[in-house]
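Consider the two complexes below, in which chain A is the common component and chain B and chain C are the respective partners.
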Partner chain A sequence: MASTATTVDPRAGAALERLGRWLDNRTVLSVLFMLPAASLLLLFLTYPLILGVWMGFTDVKIGRPGVFIGFENYISLFQDGVFLLSVFNTIVYTVVATVLKFGLGLWLALLLNHHIPLKAYVRAFVLLPYIIPTVLSAIAFWWIYDAQFSIISWALTQMGLLDAYIDFLGQPWNARWSVIAANVWRGIPFVAICLLAGLQTISPSLYEAAALDGANSWQRFWHVTVPMLMPILAVVLTFSVLFTFTDFQLIYAITRGGPLNSTHLMATLAFQRAIPGGQLGEGAAIATAMIPFLVGATVFSYYGLQRRKWQQGSADD
Partner chain B sequence: MASVDVRKAVKRFGTVEILHGIDVTIDNGTFVVLLGPSGCGKSTLLRMIAGLEEISAGEIAIDGKVVNNVPPKDRDIAMVFQNYALYPHMKVAENMAFGLKLRGVDAPTIDKKVREAAAILNLSPLLDRYPRQLSGGQRQRVAMGRAIVRDPQVFLFDEPLSNLDAKLRVQMRTEIRELHQRLRSTSIYVTHDQIEAMTMADKIVVMRDGHIEQQGAPLEVYDRPNNLFVAGFIGSPAMNLVSGAVRRANGTASVVTDDGLVLPVPPGAPAQEGAKVVYGIRPDHIELTSGQGALDVEVAVVEPTGAETLVVGKYGKSDIQAAFRERHAFKPGQRVPLMPMLDKVHLFDAGSGQRLG
Partner chain C sequence: MTDAVKEVKADATVTDSTGMGYLQTVPRRLVTLYLPLSIFLFVLLFPFYWMGVTTFKPNDELYNFSANNPFWVRNPTLANIEKLLFQTDYPAWLVNTMAVSITATFLSIFASVLAAYAITRLRFKGANTVGLLIFLAYLVPPSILFIPLATIIYGLGIYDTNWALILTYPTFLIPFCTWLLMGYFKSIPYELEECALIDGATRIQILRKITLPLAIPGLISAFIFAFTLSWNEFIYALAFISSSEQKTVPVGVLTQLVEGDVYHWGSLMAGALLGSLPVAIFYSFFVEHYVASLTGAVKE
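Showing the complex of A and B:
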């Protein structure tokens, strides 16, 4: 190796050495390593987010650059009945679907946590609704809810329980419950599998200790399962709320926001105003208006549920 | 306080039989240790007594009442688990109080009992901590405290010390023993550590492969092992076991090893001429001698522990370990004359492994 060292120009050698020292610096190195990932995030997340927020303060339309108009978009939105209805719809959709997804998902997880035959296959099977592309399952639901060809209506009339077909997607509240049902069907597997993973981390000896302490099965669930599941429940709940609140695909494929805007969520309304409607500024404002809700939900579940004193080390007394 | 009777207890998991008809009586107030290698069924037996495993056949009675179909919470027992099984989301006081709370005991009584138990176990300053904030030994004590506050008829311990470091294990051993002497509660303790068994038990039950090999007082089991398994399992360093055949001549007896070397046997030994036997002698029952008939052992390794010196050597093809209270500076390869104490020799039938005489 000595021969190669002598062939290098001494000035170049010194420059290399400086470069080497520079690269040995922890700060330089960590910035360098983070750069590829950070640039992707900046380009595809931060830039569109900032652009969207900015557009919300302008009157930009498709094909016409806008000018800054301050809070004008927001002021007009708060006097806009359709926007207010979409906020209402979004909150109903998120709250009802989340409660159902967690209730049913936890139940399913508890069932799957038992020793059942072909356990691995059953668990994989449960995930099916989640891995089918959303639009495909949405189209299937569209058919299930069809005014003429609905299999539910057909089955119920065949059984003699019903005289006329149900107008699933033609009446506002029918349509709301219908899309909520579709969302719940799709969301349960995610919740169930995540909570199942949480259940499996609970040591069986805790249940045995509780049984010896005199706890019946309900008390074991309440005093062992629920508190032990709380950390993962908080994380899954946060994700589930975020995904449900920002849902777009199911609604757009099944109802497009109808009837009478009764299933319009903020996300679908933002899209409709911005792209087919051409009002980019207004659509961006609607999308931006979702941010406080999302931040609120995240902060609530993060501080309210996730951080538990017993999980922390001795330093946090 | 209560006695525990296990009668012909069988445990099957599917078609596999784990316990093959176990009979044990645990007298009121005694400390009984179930001892055996892993997989011998000792923990399963304990869990059957606790009610955490079903009894496939036979019966288990606590205080004279058969409890086969009594759920764990109604058996009036408390158990200390190997991993302690403390509720991580409850403070020490809550962990200890949980069982009483579920049983509907009023708050002042719970508080009093928890404080008493905490005082016994030196846990008083830790009552407001979470298990996570405790050391291994402290968690172990909380697990015992949780058992004590319930004032159960029987204490069950499932390898409670195996997660502790060596020094703490010795200390906790003494603490558990002291606690038992103080509370005089019937205790069943599962371990694979024969030192724990020897030091703590009133009675040792040695198990292997779902059978009981021997039960009795620790020193009785140590001095008169029933069979080869017990002989090899109890005692550290382990008993020397050498196979050979009995030879009697001129009123003396000896065992001739497979490679033709002679081991002395007391003349009254209960073995016929020519019988195939296994010769057993504990390392601490071998003396350094200059007398006649000494074994010519070649030293391989010398292991001084401070308290004693363990010499590992070869006698012919057989490995021999000898432990001396004195310190010896033998060199590897050196030949030393060793002599087994004749009255401490054990003979086992080579075929059945059973003790002779």
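Showing the complex of A and C:
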């Protein structure tokens, strides 16, 4: 490239070479290489994050710029029964769904860790709920939970276990359990496949050694599997808690927060107040109110479990 | 226990990788392994089966469980799919979703490759901090960002266009892809690049001719994961798009196919099924890459 240019015009060739050398400078190249990612993230992630906190302190509405009103949004939110209910719902939803996802996901991972025929296919099918767009599978759950044509109610009445159809989405607690079940259904594959990857790194000789020392299967699970899984468990738990806490799609598709706001999560309430309701400031305040919970949950699940890392003998990382 | 020890000694062919599975008897395996596994598979896959069955059912079968076995279709019909394709904006939603997902994915991978290379190989001052910040960016959920982002999108004049989504999806794609590719780049021996440097290659030549070809499995993983994440995205598409023909499949199915209190379950399920098929097919070709990227990102 440079040599052909030299034959045409030596000065242009020299300039091109200088440009080439300048481009090969580590600092210049680093800046150039970081530019696309950094500009996109700064403009569409960092800036909105700060703007969102600011908007929480203003009374901005759709089509009308707001003025700074201090903590007024937060004060009115803490006297707002719907907001407090949504905080309660979010905590119940996150805690119950996470416990179930990890209990069942770990069980499934342990099952998949056995030698089973067609293992690759089984694993591929297990992951299916995770890759199918959440909203689309949520619509399937909506139909499964239909008050009149629910296939679950129908099957149970046919088996003689039930007299009347279950009103899945009409009663507050029924609706909460229903959306939690849908969330667990979607979350199990992710947990199971990640933990399976962790299980596969545990050397079988550890189990054999434990068995020779007289450990029964429960002791082998508790004293070999669990500590060895802890690092990966901590990461998966952090992600899972974070995404369950801020869940939006599933609730919006199945119940839209009803009945009587009993399934409203903080994210769905923020959307409802901000976009259809037009109260951008109030919505931003609700969204900002999630941040302390998120930081707390992340610190708790990550560092709470990482504490045990020294047991695997990696003190320095 | 002593029996087990004897067995280990007797059966010298037992390799390290089989572990202690041979200690389990067949009936025991049936109850503790195959039974719970089948229940898991049934529960995890049933909603898809139900989606498929509902799609092909005519209305009289759909709402009459007593005369027909609801688990099977007696007179399959394509009416629901036909209605979806010819009486709604569904084809436009499919095109939008495809266009947005592919453009956002390519944009993110381009930015991520450069960023990951700069962080792992150029090792500029503060590279580790930048790497950590990018990981933290992945932990910022869209539910917190969509309200301020909506005002930014509106201010940029791209509200209700595909660009609103193409430019915002990278906020969760770039952190993920960069993190994934950093792991791949680190696994490529640095000596290869040193050789090329000594031979007089420029950094850009090294990236193009040495690092990228070696990182192809990583690039494929990142591409697949980014594509499915974009196809899945909901909250931005719901908040930044208002006119029906600009919507993506998940948003369109949920907001346009429900008319008042009447739910056309047949066409709703058809919409869900058709919207899921492209990702499912795509996924079936690259399962291994998908699993690798999922677990690779977590293990880092």
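Points worth noting:
One rule holds in what follows: the second predicted complex is superposed on the first by the 274 of 317 C-alpha atoms of A that agree within 3 Å, B and C clash if a C-alpha of one lies under 4 Å from a C-alpha of the other, contacts with A are read in each partner's own complex, and residues count from 1 in each chain.
One rule holds for everything that comes next: a contact is a pair of C-beta atoms (placed from the backbone, for glycine too) under 8 Å apart; a residue touches a chain by one contact, two chains touch by 3 or more.
Source: prediction; values computed, not measured.
In the overlay built on the shared chain, the residue A:A124 is in contact with chain C alone; chain B does not reach it. Of the two partner chains, chain B is the only one that A:M228 touches; chain C does not reach it.
In the superposed model, A:L100 makes contact with neither chain B nor chain C.
Shared-chain residue A:A109: touches no atom of chain B or chain C. Within the superposed three-chain model, A:L212 lies in touch with chain B and with chain C [touch as defined at top].
Residue by residue along chain A, chain B and chain C are tallied for touches, and C comes out ahead. Shared interface residues of chain A, touching chain B in one complex and chain C in the other, are 203, 205, 208, 211-212, 214. Touching chain A in their complex are the following residues of chain C: 1, 4-5, 8, 16-21, 29, 33-34, 36-37, 40-41, 43-45, 47-48, 50-51, 54, 62-63, 65, 70, 107, 110-112, 114-115, 117-118, 122, 124, 127, 130, 134, 137, 139-152, 167-168, 170-171, 174-175, 178, 202-204, 228, 231-232, 234-235, 238-239, 249-251, 253-254, 263, 265, 268-269, 271-272, 275-276, 279-280, 283-284, 287, 290-291, 294-295, 298-299. Here chain A touches chain C in the complex through residues 20, 23-24, 26-27, 29-38, 40-41, 43-45, 47-49, 51-52, 55, 60, 104, 107-108, 111-112, 114-116, 120, 122-129, 131-137, 139-141, 143-144, 146, 149, 151, 154, 185, 188-190, 193-194, 196-198, 203-205, 207-208, 211-212, 214, 232, 235-236, 238-239, 242-243, 245-249, 252-253, 266-267, 270-271, 274-275, 280, 283-284, 287-288, 290-291, 294, 298, going by the rule given at the top. Residues 203, 205-206, 208-216, 219, 223-224, 227-228, 308-314, 317 of chain A are the ones that touch chain B when the two sit in their complex.
Of all residues in chain B, those touching chain A in their complex are 50-52, 71-73, 77-79, 81-83, 85-90, 98-99, 102-103, 129-133, 146, 150.
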